[in-house]
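This is the structure I have questions about; it appears just below.
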């Protein structure tokens, strides 16, 4: 099956900042993404868990976007500009996709 | 009723005991937990019920000037208490400027859950307070944040700049005003007001009869979350900060007593205003500050508001405030 | 009761006002939201309660031939309304053949939530309708889909072929019949019927007393979801399609009135049948069509059914249908 | 009341019929499902309510020695039944040593959900049992696990060793005792006891009035989960094991009858003790065994406890045990 | 530690089609997979979110399967045949696993 | 943008063992991780689903940790020692991250 190389961008970011991140992705021309919920975690800022929580301040979400390698640098820079001030991490890896024109 | 009778009546009521059970369960590292979706639904239900009931009571009573006075005094309290809190923190702790402003914002604003528990206790103690106190609670959510952003000063402004993600104070205010719990509180209040006693009759089994039972389940959850938050993050709380979490409510309550007396509130409403002033936000403000003041470390303010001040108010503060409120208004013995 | 009294009684009832609050909260971009698990549980509760009550009423009353007539008329309506809807869409809009068939399926089938709201309103308006209308509602869910698949015609058949993932019409029907909300509705109906008044007594506080309050919370959610759906996807709705979402309910209601009169329904049951015919599915049909007709774009039909037709029926349609139903059956002025 | 009247009264009650509906929905492959968060919340509510009511009844009645006797007999049953169960499994099935011990642990411990259903049935059958049976239920959760770990013997001990992840028996006991449902049951029991009739009055609409309705919804879920578990995993259950899931409850119930009579329980309490002994855990024990005995295959014990024994007890066992309990205590006809 | 190369197949697909996808995976001989919930997203078909939703029509799930590289082509072809008609995307990437015989 | 190579460790493990896994990660010096909920799955031990479940025994969680390549062997060995007795799988892949010093 014909596949092509894309970049898989994964951003674990605090929930209140997700709409802002989505704005950044949209402006950077990213065509699609998926937000996955996380349940708990640990990092430099301590540990957190969603059990019984009523505030959205104290939780992380995972935003996954498959993008074209040509866009990577622009997207990464803009995302990082946001991430610098918010709690979160960014990962980039390689993926193969079918229907390359969609990304 | 003397203060001990009041304290005891408060302490051995099912809601408070379920809160204590939650704390204990957290401390013995039980895996008891309420799913997040349920905790959120319980808080939505309680906010909706308290708003609706307040509105229905408004519809039943007369609209007087004291409503305006109470709302105004709430706004003033919310706007000025952060200045006091910020000053105390800068004087007595080593917390940085931005974190101090963030914490002060929590304490100027209000905890709707504490308000709900106080409303229930007030009914229990037979000094229920006026329906319009719901509107006062809603009015007190946001002003504290504006003050805190001003207090955070240049540091915050600098970081609010660059990269185009900056938030103007106005947009932060908008965000707070559109916060789910505030919209629901105000909306339910107006619906209760519009539909009045007839509307209330139709939904009373849901909004009234099971209210206190649901509150038990919710406070169980709050106990679990408060206890686990403490276990997880107690290291970020230095003694000075913990002290602040205990005396700031008292300062707030006294300030609330002063303004409340000035606008002539009855004992129940005064107790509620004192509780509002004494309480610290942990739904709306923490989320808003992650955008408006992301440099503030959320672990400190959240742990303090939920792990120290909320239990303190629930267990000791509320009966104290209502005892004081009855005393200064000269309400029956 | 004239139509304005009816409309007003409907409009200023707590459930409708909470729906409007949800719409407003969505439009002012509040972050108010009900967790998905809760929304689903609320709908399960409401379906279960309405089914159980319908069954218990069946047990209390006499079983007459009119039950069979009503069910039959529901099936006929569900099977034939899509033809009408499909024709209107092909004539008046630029929507493609497959999308037109998909939309028509939604309008031939029924919205159980609209039915629940109408049942509550009917009680409020003192023309409650018969218990067996629950069975009619259940019978109307599926036939529309079969018609729509026939209407979608060769295009759908072609794509249903290849690769072995094709669905025969029978398997689609099976899937619809095994849809959770239908199984629960029918199951609860039979349980109510079997256990009768004694069973009802045991569970009445849960299924009756708190019903309208739960409905308030649920309609708040539906308002939020409908409002956000509109904000997100209004661009996919061309004016002709929006028009369809407003006049198709009226056509459906009139068709329902005709068949309902033919089988001799009382005012309340007739109002319910008209509401069923006027309503558009957004639980069972959308999910089934993703498998049976995956080429149809779900955004159009979902946004139309939930964002346009549901609010229209809830706010304006239901009082209109019940006013008409009382008029044509000659029920007290 | 003869056994058929009892069985019928049990069978055509709404809770049992909703359980059957869940089973049927699972078997016809309906997509009906209750979200996980809701299922957990329902079970928390039921445990909280049953604990609270038990405690409130304790406060209303006299504290007698029979409480201690009942608790002791529960502990003995829980500690010894696994020996019997383990022996039966080793003799009559091909299940390995570790799996046999794991299954035996489930049957020695108790199913709190079965207990709740039995309490409701007991009320229905007008032999409600004493409040302290809640404490007996709590006391019976853990001992069976210790016995099972001993029975699992050297195999388990070897694997409990190496790598430093081993669990001492004490730490397993601690983990079980801190299990959420046990902490909640005991906590709510003490709160009910402390606040007594006055506390109960305040929360009765929530904990009493809607209890049976909530139970209906919960048993619907249990039916769905039990049915789907069977569909998914029936292959792991050999006929000998299925047989065990049907006769072991009877053995347990008889053992419970003996010890219960010895300590002088009334008919209702005896029926409850028999039900406890007959029931098999599927909340606390399965989770604890994944740590204490990870080599045991969870599919076998979970499917057996939830798919075979729970439905058996619910539908046939409970009326049988209560009929026997009335017979041997000489309670009215 | 001894690891071996496998392929990580990730499919973001609309929920009503998940059972069908599972059937495809099973027939293709895939031994294991895990389904992760998604919360919201954006793509060519517009944006969606689970907040308050009662229908399953309008949501995506992520299906993750670690498979043997030798199976990749067959699996990919069959998955794509399904995906062609449903809403969703497919990604393939490399992973190292221990206990290679299990995949 | 300056990125550096890290290892992405993904562990799908039964829920009762998650606290134990977190203990293992902590002792091995892992600085951060995120736990993501899974909804259903299939493997050698049969299939499972969270729908309507009240026990935590019968569910899997996904634990994601980005770690330094130098730590990989130690971490993997310790994780595997735990996984050997519990139900679950481990995957390792390459990722690029910004802010390398944080992992």
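As written, the chain order gives the labels A, B, C, D, E and F, with residue 1 at the start of each chain.
The rule is simple: contacts are C-beta pairs under 8 Å (C-beta built on N, C-alpha and C of every residue); 3 or more make two chains touch, one makes a residue touch a chain.
Molecules present, by chain and UniProt name: A, E, F = Nitrogen regulatory protein P-II; B, C, D = Sodium-dependent bicarbonate transport family permease.
Note that this is a predicted model, so its numbers are computed, not measured.
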| item | value |
| --- | --- |
| Steps needed, at minimum, to go from subunit B to subunit E via contacts | 2 |
| Labels of chains that are neighbours to subunit E and to subunit F | A |
| Most widely separated chain from subunit D, with each centre as the mean of CA atoms | A |
| Farthest-lying chain, centroid of Cα atoms versus that of subunit F | C |
| Shared interface numbering between subunit C and subunit B [over half = same, under half = different] | different |
| Length of the line joining the C-alpha centres of subunit C and subunit D, rounded to whole Å | 41 |
| Inter-centroid spacing, subunit F versus subunit D (mean Cα positions, whole Å) | 34 |
| Computed distance of Cα centres, subunit F from subunit A, in Å | 19 |
| Per-residue multi-chain contacts in subunit D, two or more chains | 31, 33-38, 40, 205, 209-210 |
| Of all residues in subunit F, the ones touching two or more other chains | 36-37, 56, 93-94 |
| Contacting chain pairs - touch in the sense defined above | A-B, A-E, A-F, B-C, B-D, C-D, C-E, D-F, E-F |
| Subunit A - residues contacting subunit F, complex | 10, 12, 36-44, 60, 62, 73, 76-77, 80, 83, 89-94 |
| Subunit C residues touching subunit B - in the complex, by the definition given at the top | 12-14, 17-18, 21, 24-25, 28-38, 124, 205, 209-210, 212-214, 216-217, 220 |
| Subunit E residues within the subunit F interface of the complex | 1, 3, 6, 8, 22, 26, 31-37, 61, 66, 93-99, 102 |
| Touching residues on subunit D, where the partner in the complex is subunit F | 33-36, 39-40, 43, 113, 159, 162-163, 165, 221-222, 224-225, 228, 232-233, 236, 282-283, 286-291, 294-295, 297-299, 302 |
| Residue ranges of subunit D touching subunit B (in the complex, touch as defined) | 35-38, 40-41, 44-45, 48, 52, 178-181, 183-184, 187-188, 191, 194-195, 199, 202-203, 205-207, 209-210 |
